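You will see chain A twice below: alongside chain B first, and alongside chain C after that.
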Partner chain A sequence: MNEIMEKIKEGILDLFPEIGEVPITAEMCLGDIPEYDSMAAVNLQTFLEENFPLKVSLDMLAAEMTLGELASYIARFVKTKP
Partner chain B sequence: MVTVDPFGIYSAMMDLCRAWERFPWELARMQADLMLKLQEATTEELRRLLTSEEPADGGEPRRADFFDMLKSGAQLARRHHSIYEDWLRNLIDGAPGLQEKQRKRMLFWTRQLIHSISPSNSFWTNFSAIRRFMDSNGESLARGLQSFMKDLREGHPLMRMVDSRAFKVGRDIATTPGAVVFRNNLMEVIQYETATDATYPVPVVFIQPWINKFYIFDLTPPMSFVRYLRQKGFTVFIISWKNPDAQMRDVTFDDYMLSGALQAIRVAGSICRDAPVHAAGYCIGGTALSALMAWLNREPCEPGKPFPVVDWTLFSTLVDFSEPGDIGFLVTRKSVEWIEAMMKETGYLSEKFIELAFRMLGSDSLIWRNFMNGCLYGLPPPKSDLLYWNSDSTRLPEAMCSFYLREFYLNNRLVEQDSLHLGGRPIDLGRIRQPLYAVGTQIDHICPWKSTFKVCDKVHGPVRYVLSSDGHIAGIVNPPSEMSRRKFWAGEAGGEADSDRWLSCREDKRGSWWEDWTRWLQARSLSPGEPPALGSLKYPPLEKAPGTYVQEP
Partner chain C sequence: MQRACILSTGSFLPEKIISNEDLSQFSHEARNLIVEKTGVQARRHADETECTSDLAIAAARKCLQKVGFPPENLQGIVLSTSSPDRLQPATATRVQHELGARAAFAFDINSVCSGSSFGIAVVDALIRSETCRNILLVASEMYSKILNRKDFATYPFFGDGSGAVLFQAERGGSRGVLHSCLATDGSRSDIICVPGGGTMLPFEKMPGPRSAYFRMRGEEVFAFSLDRGPVIIRRLLEEAGVTMEEVKCFICHQANINILHGIAGLLGIPREKFFVNLDRYGNTASASVLIGLDEAIHEGRLMPGDLAVIAAFGGGLSWGANLIRI
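Entry: the complex of A and B
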């Protein structure tokens, strides 16, 4: 779970460098990313698809989703993989 | 005559200067404050760089290396950028006596500038780009520059936003089975095969926007609005517009309304045993539908025939263009003259121009983040059905485009009673009595939701308004799913003029508004019965969906 969270944090810093010094925590909502919109969600979706064995749907990557919730969802999916 | 400053940037800037001229001491104080903040940020960043040399756990001190300096430099650039951004915004927000419209204009164009000079867009001030470069022995940047040059050569100076080889219309998207049942020189009408044993007698007719292609409602199967409605027991028709060329320069807005929207409604009604239809228009398609509803209500129906539309729906549609949002900064009297001069040469408004305008409305994502990923990081463009559609732009015919920009955006005549004459009839939205379902989206750069709300007190039938989270596309193409984090607010809004008051009385609901709309449609759809055939004697199937027009470049 922690590994997943770290990977997500790394991806967010990489994809959205303008986030600057906003602390990236499990409680952070995707909407806290400056100018987060559906294109940003597509970029994040692509990153997640490349780094985890699943496709997270765009409607999950809405502004209210927290990083902690996202990591838990991915962890559930990863566990069920053979 | 083509003018300099078509977007009024220079005049807004001069107004801003004049606003501050009378307050030189306040301006000087702001400038001193800016210098102080920049200095503080620089000192802090240098201190941080130097303390990074101190051992964290009593070990050997280490010298900051080249990498640390680059990281620190990137961090400092970002802080300076953010300080300048706040300062400029305050300068404009606080300009004494500056006219509100000019203030908003300056904020819009300043935002364009701020996004373009973000440190993330430059290799040496984007630490992730540097790290990728080091990790890949320079491959990432080499790959990125090659893609940039390739896109430039192929006419995409802003770089492609999507992997165009990942999708093909009719193979991966727009695959719902159906047939073209009508074609004229403006559109094809597609009827989809029904998916249930019994269907509602009242079909749904989608009047699609003719800016971009129709298949935004038939993307990959999980995202397809058309598939969703078929599974709910509806017969669905959709308009696929012809992408206009120079020969269509004289096609008017009236043509889109009568030879397009009205004709599609007639075809659908005829195939479905003369039933009236649920008509639904999206964006400019919704504007045409609104005008058509007023046109139809102007004169009594033919004797013995029901009114052809049982209810109507607008998705992210403006009928009142008094506050069109950021797009209003691109559509000015001077810019329209400039666009008209361009169209005189070609007969149409180029798809490249439209694409550029839309990308400017969300330049942070649609231009600069795309450039960062593609050029500085050397990443391939994403494989996204939504972005594929977004990049499949269309042209606009000269006559229709000129009329649309002038009479809707500049003169806002659709909401003036009997001011606009279309198809030989004066247009009065107040005559519309049929129930309306209108959807706006919370983060919409093209049709701001508060402006879409303005339809509620312009018509005289019952109105249910829905505000969806997300933007102009993702808020509408919004399939229900258990994991969805999207939300919406819904409620009656007939005669309501105050969107804030309306919203303050609503509670948000989690998920997609599609289910709410389905229930609203079902209430006027009659009892399900035998599905209609695909086409009819009068309108036989001509070709399999998605048809020919959508494939035309």
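Entry: the complex of A and C
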């Protein structure tokens, strides 16, 4: 789980350099990321599907989704993958 | 007083067609959004061996050959680009050499997507001032080589292409560039940019390769275009003493079909009066209005004597409009 969160943080720092000093925590909503919009959601989707063995819909990446919820979703999928 | 009149036009689009389905780096779900968000169905990408001046030369040759104008008779070449061959020298200089336009001065202008509108104003001023009697204005862009192919906010929406217009001085008559309006808001210069590679962020100081890619804040650009586009068109026509109804065709920068529809609605103009080719070519930055002008004339949408409005908006932020009687 920690590894998944660290990977998500790495992706957010790379995709959204404008985030600056904003703390990236499990409680952070995607909508809290500066300039997060529908286009940015696609970039995040691309990153997640490249780095984790799963497909994630754009609906999952709505502004209200927290990073912790996202990490939990990814963890469930990774655990169930044979 | 001599006026800058259109003697010929030309355009060039690379052969390689990239459809939305070809953009496999994005999910199928995302690819389905491209048309909805922008109207773009396909775009052209230059070959990896080509550079911006190659596209410019191709459009320029078509423009000159259409009317049998000898390149050695050209007195000036102005090239609009925001994706130059190199930081220096001007991309126009290679165009001048390859065309054999030995007598022509040549320089670049860069006002990003509004470059051609600014270019028309510059060319008009040079001809009206009797600095020269003819100028070839070319706009050439190769954004496929300055975009991050994984950035959905930019990569799907831009395409490569070039357009050219040969302007010649005429005295009397009613043809030519009748009026231009230009504007800039430098306080928003970060909204559309390529951050790295210049003196503000030299290559060795770049935190990573992303700094070398074009980027834009899409929602702000959309709002800006809808806000400033109608304003500059109204201002242009009011200052020129022309009504909307007298304009045969509006050739606006081909950024996004929703912007074009929005501008048409705000101005109360039928959408059919707006020329559209972004579905086939994407956003070709400053080349879009010159490509559109060439195609509109070729398709008979604009005939001799018709009034055309060119309007463009883009990085700077900048926006401009020109009124031309064909």
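Convention: the second predicted complex is superposed on the first by the 82 of 82 C-alpha atoms of A that agree within 3 Å, B and C clash if a C-alpha of one lies under 4 Å from a C-alpha of the other, contacts with A are read in each partner's own complex, and residues count from 1 in each chain.
Following the convention adopted for this analysis, contacts are C-beta pairs under 8 Å (C-beta built on N, C-alpha and C of every residue); 3 or more make two chains touch, one makes a residue touch a chain.
Everything numeric in this text was worked out from a predicted model, so none of it was measured.
Student: On the A-aligned overlay, A:20 touches which partner chain: chain B = first, chain C = second, or both, or neither?
Tutor: first
Student: Using the superposition on chain A described above, determine whether A:72 touches chain B (first), chain C (second), both, or neither.
Tutor: neither
Student: Could you look at A:40 and tell me whether it touches chain B, chain C, both or neither (first, second, both, neither)?
Tutor: Both chain B and chain C are touched by A:40.
Student: Could you say whether A:62 touches chain B, chain C, both of them, or neither, answering first, second, both or neither?
Tutor: first
Student: Tell me which touches more residues of chain A here: chain C or chain B.
Tutor: Between chain B and chain C, B touches the greater number of residues in chain A.
Student: Just which bits of chain A does chain B share with chain C as contact spots?
Tutor: Touching chain B in the first complex and chain C in the second, residues 14, 17, 35, 37-40, 42-43, 45-46, 57-58 of chain A appear in both lists.
Student: In the complex of these two chains, what residues of chain A are touching chain B?
Tutor: Touch list, chain A to chain B: 13-18, 20, 34-35, 37-43, 45-46, 57-65, 73.
Student: Please name which positions on chain B make contact with chain A in the complex.
Tutor: 74-75, 78-79, 82, 118-120, 126-128, 161, 222, 362, 364-366, 369-370, 372-373, 377, 382-384, 386-387, 443, 469-471, 473-474, 478-479, 481, 483-487, 512
Student: Over in the complex, which chain C residues touch chain A? Could you list them?
Tutor: Where chain C meets chain A, its residues are 25-27, 29-30, 33, 37, 150-153, 207-208, 210, 217-219.
Student: So in the complex, the part of chain A that touches chain C is made up of which residues?
Tutor: Listed in rising order, the residues of chain A that touch chain C are 14, 17, 35, 37-40, 42-43, 45-46, 49, 55, 57-58.
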